[in-house]
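Look at the two complexes coming up: chain A is in both, with chain B in one and chain C in the other.
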Partner chain A sequence: MLFDTEKRLMEILKEQVEDIDESEVTMDSKLTDIGINSLSFIKIAVAIEKEFNMQFEVENLSVENFETLKNILEYIEKK
Partner chain B sequence: MLDIKNITQEVTNENYKELPLYFPSPIYYSLYAAIRFSILLTSEKTYPWFYSNFIQLRFDNEIFENQLQYDNEKKRKLGFPDHILHIYPIEVMKKDYKGASLFFDEINLNSNIFQFKKETLISEMVDYLNNGYYITTHLDVSKLPGTRYYNGIPTVHSVLIYAYDLEEKCFKHTDFQNNGSMTIIKIDFEDFINAFFSDSVPESQRIEKMRSKYYLGLCKINDENTFSFDVESIKLLLSDYLNASNTSKRYNLLLPEKRGIYGVEVYNAIIKYIKTTSSLNDMIDYRVFHVIYEHKKMMTCRFEYFESIGILDSDLNISKKFSAVEKKANDLRNLVLKYTYTKEKNILNLIISELNEICSQERPIIAECINRLSSDKIHKSSIVDQMYLNSSMEKQYLNIL
Partner chain C sequence: MPKGSLELDYFFNSDGTQNELVKHLGNCMTKNMYFILKDQVDSVETLYKIYIDDFTFHISRDLIGKITSIDNNDIINLQNYVNISNLYSIKNDAAKAFEVLESLLDKDEIVFVNTFMRKVPYYRTYIEDIVEQNNTMVDRHYFLALWHENDVLYYLDNIINHNKKHFVPYNKNMDIGVAKKAEFINAFNDQFSCFTIKPNIDELKEINKRMSLILKRNIENYNKEVVENTKGDRVFCGRNAIKELINICKEERFYLNEYVSTYVTDLSSRISVVFSRSCDRKRVLIYFLTKLSSTAFPDILKMIDAVKVSIDKMENARNIMLKGNIMQDYLIGTKYIEYFEEIILAEDGLYKLLEENIDQITDALVKDN
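So, the complex of A and B:
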């Protein structure tokens, strides 16, 4: 289940983040290190909401709340 | 709080000169203001002046009504025209108003009185930088590789040149990135000349923005002057904000009085704006919400400063309380971005509810600040201590010493 979520999250990243190098991205990658900024984070959050049929709370719509991809993964799993 | 760690070092060697910058500017929604703040805030002596001003918000309902007529297709191509929400009085940072002239020596060279030549312009600019002058000008940004406008619609845009490199044959200037944050970009001398003398921009646009076809502004910090830091004035301006009073009446020696909606009433104006634009299926201007965020961020900084110099009791935790409002304004800005991407109408209700919450959260904190601000306990070691205080305060101040 977690593996499936991880795979779907990676697909979203490939679609939403320009020039992302998939081979260098792990779940421990920091969002800032892989080129995710405040604007691209919102695009990713919108795509996650659609893909996983969930809603980010307003206070969690900020890139500062998620240091790594793993943090996003855990957030999706909790929902 | 403004942090001198954000000031870059001056660098001088044979082929290279870089003047210090406060980077990024704490207020950058307005490029002309960001440029001048980046220069001005390299001097700590300007901080009491900075914190004593830019307290108000002003919603320009006239521009808003004009923009309702503005074609949606044009907005998609050119972006939104003018800002409808401002931190007031940001206009004082325009070169025409010279509001920062207390700390600025500024010389404007324009083509009405000065002849600019392609052959000599670069070497003249190098001389100006060597003499410690920052250079502001307008360039046709569609001619500037490395910017988001490159090869786009020809348009002139403010830039700040603060460094040159003779080996790489380039200047360094400040600009916005695609995500709206500020960045530093190198510009080849050749590209600079093409952008400066570009014929692609209609002369009327150049005249409108620069008052002449070409111009260079030469700016240097003059920190021999002092600012009269006045706690009572700050209390008045904060009260204007809470009472939604037209603060432009207080600045009428410097600026023309401006109609508009001021202070906490801007939230109702923004809610009306959201409802109107939504009913017309129009786009919401994201910049309005970025301005709200910058205003809250600066208010937190202001309160931290007041606490640091002792005019506000830090045990009251006012800056800490206000940082929660700042966080909420950041959330709101993100929510508006989400709406921009999804166009889900139900998000508009959330946006309106967040605006109302920000308004109700900040009111009591600002009111408490006004009640508790006092010049009696000013720290002797603070920067204000070294400056002239206005005459009514000076007596009290000397008594403490």
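So, the complex of A and C:
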């Protein structure tokens, strides 16, 4: 289940983040290190909402609330 | 032998961590100003204070209600703190542009450069084989040229602007990019402008004295009445500007992807920029407040909390509108009202505390050198 979520999250990243190098990205990667800024984070959040049929609370639309991809993964799992 | 500017810290500290405050020092122009001034002034801490300006913004609407302007209120233009020289603007002549740029770099100047960024490979908007011509001052972006040797140019730009396919970091300082000069020829052949700056010491000496003025003007602008400008537009400032955003939501006649005639961006981006700048200025204030002792003045903890809440509320509104734009749900309608109402509540709390503690906050800012 977790593996499936991880895979789907990675697919979203590939679609939403320009020039992302999949081989260099792990769940421990910091969002800022892989080029995610406040705007691209909202794009990712919108794609996650669609993919996982969930809603981000407005307070969680900020990239600063998620240091790593793992943090996003955990957030999705909790929903 | 590399030039000194290649050994300085910019977006990152020498230990590899990001300089958290630099992120909040405004746009490319004002961040680059900081990078140059920080090594030429007596106190970097004092320099940070020039970035605390007005937290308020204004909205102007014409007689038929069209939005003519949404912008931050600036009390002191940051360019007052520098003297600009070596200003050049060169069209369609990369050879001449390089001649000017290299002669300035050879004189140990760090140079602000503006060019057609879509033709610059390291930049995020780079388009290979672009055919557009005569695009002057594209997005008004400035990067810093730091040094050159042989066929290579060393430059500085924000990491968020790097095009990962083409950006090559300098091996001794990951902040800095290295590129063959040839990579800039196409862009410089369209247009090139540059300038250098030196600190305006007399103006910088005034910073501490100005903290009181800046905080007082902030309060005045927050409470300012609606006025009519020379064009006959009604200008809503501070609290009234936020209230006017609520009215705009109620009117349900504007769209996030609609352009305001005076800007090159749509309403979503415009509001986002204005809110982000306001939050950045508040973050610089927090930087100073959190350095003080928790007993510096009785309301200090309340004050820090009020600034943080006001940032959160403004960012919530910004993010929900950006989300609406991304989802192509463009109407600026009543669903946004609650977010602006929360901003008003937070700002009311912040300005009440600011007014009650203005002397203590000013003293604290001035003493901190």
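The working rule: the second predicted complex is superposed on the first by the 79 of 79 C-alpha atoms of A that agree within 3 Å, B and C clash if a C-alpha of one lies under 4 Å from a C-alpha of the other, contacts with A are read in each partner's own complex, and residues count from 1 in each chain.
Going forward, contacts are C-beta pairs under 8 Å (C-beta built on N, C-alpha and C of every residue); 3 or more make two chains touch, one makes a residue touch a chain.
Fair warning: this is a prediction, and the values are worked out from it, not measured in the lab.
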Is A:21 touching the first partner chain B, the second partner chain C, both, or neither of them? second
After lining up the shared chain so the two structures overlap, which partner does A:55 touch, if you call chain B first and chain C second: first, second, both or neither? neither
Partner, of chain C and chain B, that touches more residues belonging to chain A: C
So in the superposed three-chain picture, is A:35 touching just chain B, just chain C, both, or none of them (first/second/both/neither)? second
If I apply the document's touch criterion, which positions on chain A are contacted by chain B in one structure and by chain C in the other? 37-39, 42-43, 45-46, 58-59, 61-62
Looking at the complex, which residues from chain A come into contact with chain C? 18-19, 21, 32, 35, 37-39, 42-43, 45-46, 58-59, 61-62
Show me the residue ranges of chain A that touch chain B in the complex, using the header's touch definition. 37-40, 42-43, 45-46, 58-59, 61-62
In their shared complex, chain A is touched by residues of chain B numbered 178-181, 327, 330-332, 334-335, 337-338, 341-342, 350, 354
In the complex, go through chain C and note every residue touching chain A. 18, 124, 160, 163-165, 312, 315-316, 319-320, 322-323, 326-327, 339
